[in-house]
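Multiple structures follow.
You will see chain A twice below: alongside chain B first, and alongside chain C after that.
Let's look at the complex of A and B:
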């Protein structure tokens, strides 16, 4: 079972528009979306925005198509870093579920991969990546569980950006061999969203294999969300799930655990 | 363990079809434009050319049905052109300076499966 996620829906002040974007995402089959707040510290005195409480966004969250469950909405912060001083761990980061950094120079890219406590490293899509992704920092990031993000909205908007997006994406996927890549929208309006299967297919164009492309919209995103949760804790997190026991197998309740597992398997 | 070994029968369905069929639906951001079938196909071809160029886009595909009112269509494409056609559809973002998007409702290797669900998806397409 895999659920689809889109971890980049731009935060806009127009609440109605944001709502309709999230509704469209639910309709397309995304189970989780993240509202992305972008902060650019090189513009003077830009404050880190306070995330709006997601419960205030909807009275009743839209139902995900094909899942009969309401959509889950998270908050995400993206720090655009042009200088080493721009990214510094602070308490303000803690109010976000997911933390991303968009490094503009090679030095910062290296630092982001190896040391920064983030969940996502953004890859340039609106300009030619000014540096080449080297194998060693990328491998370091993969080992630490940090993911790389390619967002596709720029490619829909403009044909030059399309070129940059594809070039940078192929560049990345060659180095990281398709591991830890996530594909997100970065959409502002509902019309810029695409369905999860469309994006999995788009992943093939970016040089991912079929399995990696599907993981880029599902399991890798889940890993990012869980990685985001671990930042708030000391060590890690454990997820438990209630499992429905089939009613016909009640007499087997007392059998040892090993056997029970087998029964479930069959 | 006294469990008897379970017997499996592996049924592999080999897909012999050389075509894939896609059911798609065009939606507009603001106002809907009236499109003829020719314009519809031209829009897809221009999207293909933009992404893959003249040579890359030189593979045949057909518009089997086209509904002018809901702007939905069924396309038929050779298996090796599916990824190209699909990605081109994904990256089409505007039609005559009006923002638009293709919603791919279904992809299948046999047209009979597509027609079975045609009626049920037709309505959801319209409401999108």
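Let's look at the complex of A and C:
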């Protein structure tokens, strides 16, 4: 079973437009989308935005094409880093489901691959990447489960950008051999979205094999979402959630004493 | 005798305004495709499009389009499809994009899929209905859409030739 995901829909202040974009994504068959907040710390006074509550966006989430479940919406933060001081783990990052970093220099790319606690590393699509992806940091990132993102909206908008996107993508996929690559839209308006099968086929242009291209829109994205969850839950060992008090008490009373002790231990 | 094999791409044209769908026609779609291919793959792409490719079917009401490519290089031609952003029709620019929903070896398999797909769309429309009359209308449409009627007629017409065109 494959579930398609699009982990990059740009956050815009116009709520109506955002809604129609997400509706289109559901119509195309994406089961999960992530609303992307971009922050550029080199511009002075830019605050990390507070993610809007997802439940406020829709009264009733649109149903995904071909499935009976409603679409799942996540929040994502992208930090554009030109200097090592721009990315520092803080509590503000914790309110986002997925954390991405867009390194502008080779040194930062190396650091992002090897040490930064992120889920996604973005690859330049609007300019020629100023550095070459080296094998050792890329392998390190794959080992840590960090993914590389190629976004295709810039390629659709402009033919020069298309050249850069394809060049940078091939540059990356040759080094990482098609592993841990995700393809996302980065769309602002519904018309910039594309269907998951079209994008899987577009992966062939980016130098991915057939299987890798399909994984880039389905299983790799799932891995990213799960990696995002592990960040919030201490490597996935501990997971805390609020539960309704009254029903919880009833259950505890019903369960036998031996079982109760076990639960406490865990 | 070996026939030349094709791949049929069943696409859905998504527009921002429904009125744009009325402008769809075979020629403008083919032109848009050729322009996108020329930009994405240059002379090679344009040359591949000119052999054996065509726009087989256009439904201006639902926005369903059937494209035919040679099987040998349909993937290359398909990879240019995401780069179509608008169609020029009757002097007007219709912003749109193609969403490929099915790939079939014959028109017949595409038709079968399309019936199933359209039926799904009707089911999706059901919760959006406002009045009871609309709901009844959609329910009736869901029950009535099947290829059975077609099939019966076909079997009457060419009895014994069944399954000749189907391809695995």
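By our rule, the second predicted complex is superposed on the first by the 236 of 266 C-alpha atoms of A that agree within 3 Å, B and C clash if a C-alpha of one lies under 4 Å from a C-alpha of the other, contacts with A are read in each partner's own complex, and residues count from 1 in each chain.
Keep this in mind: contacts are C-beta pairs under 8 Å (C-beta built on N, C-alpha and C of every residue); 3 or more make two chains touch, one makes a residue touch a chain.
Because the structure is a prediction, the values reported are computed rather than measured.
Chemist: With chain A superposed, do chain B and chain C clash or fit?
Modeler: Clash - chain B and chain C, as placed by superposing on chain A, overlap.
Chemist: Tell me which partner A:232 touches in the superposition: chain B (first), chain C (second), both or neither.
Modeler: neither
Chemist: Under the stated touch criterion, which partner chain does A:199 make contact with: chain B (first), chain C (second), both, or neither?
Modeler: A:199 sits against chain B and chain C alike.
Chemist: Identify the partner contact of A:66: answer first if only chain B is touched, second if only chain C is, both if each is, neither if none is.
Modeler: second
Chemist: Based on the superposed arrangement, let me know which partner A:162 touches: chain B (first), chain C (second), both, or neither?
Modeler: both
Chemist: Identify the residues of chain A that lie in both the chain B contact region and the chain C contact region.
Modeler: 24, 27-28, 152, 155-156, 159, 162, 190-195, 197-199, 201-202, 204-205
Chemist: Flag every residue of chain A that touches chain B in the complex, lowest number first.
Modeler: Touch residues, chain A against chain B: 24, 27-28, 152, 155-157, 159, 162, 189-195, 197-199, 201-202, 204-205, 259, 262, 266.
Chemist: Within their complex, state which residues of chain A touch chain C.
Modeler: By the definition above, chain A touches chain C via 24, 27-28, 63, 65-66, 152, 155-156, 159, 162, 190-195, 197-199, 201-202, 204-205.
Chemist: Show me the residue ranges of chain C that touch chain A in the complex, using the header's touch definition.
Modeler: It is residues 14, 16, 39-40, 75, 78-79, 81-83, 85, 95-101, 120, 124, 127 of chain C that touch chain A.
Chemist: Going by the contact rule at the top, pick out the chain B residues touching chain A in the complex.
Modeler: Residue positions touching the partner: 1, 3, 6, 27-29, 50-51, 83, 86-87, 89-93, 99-101, 103-104, 107, 128.
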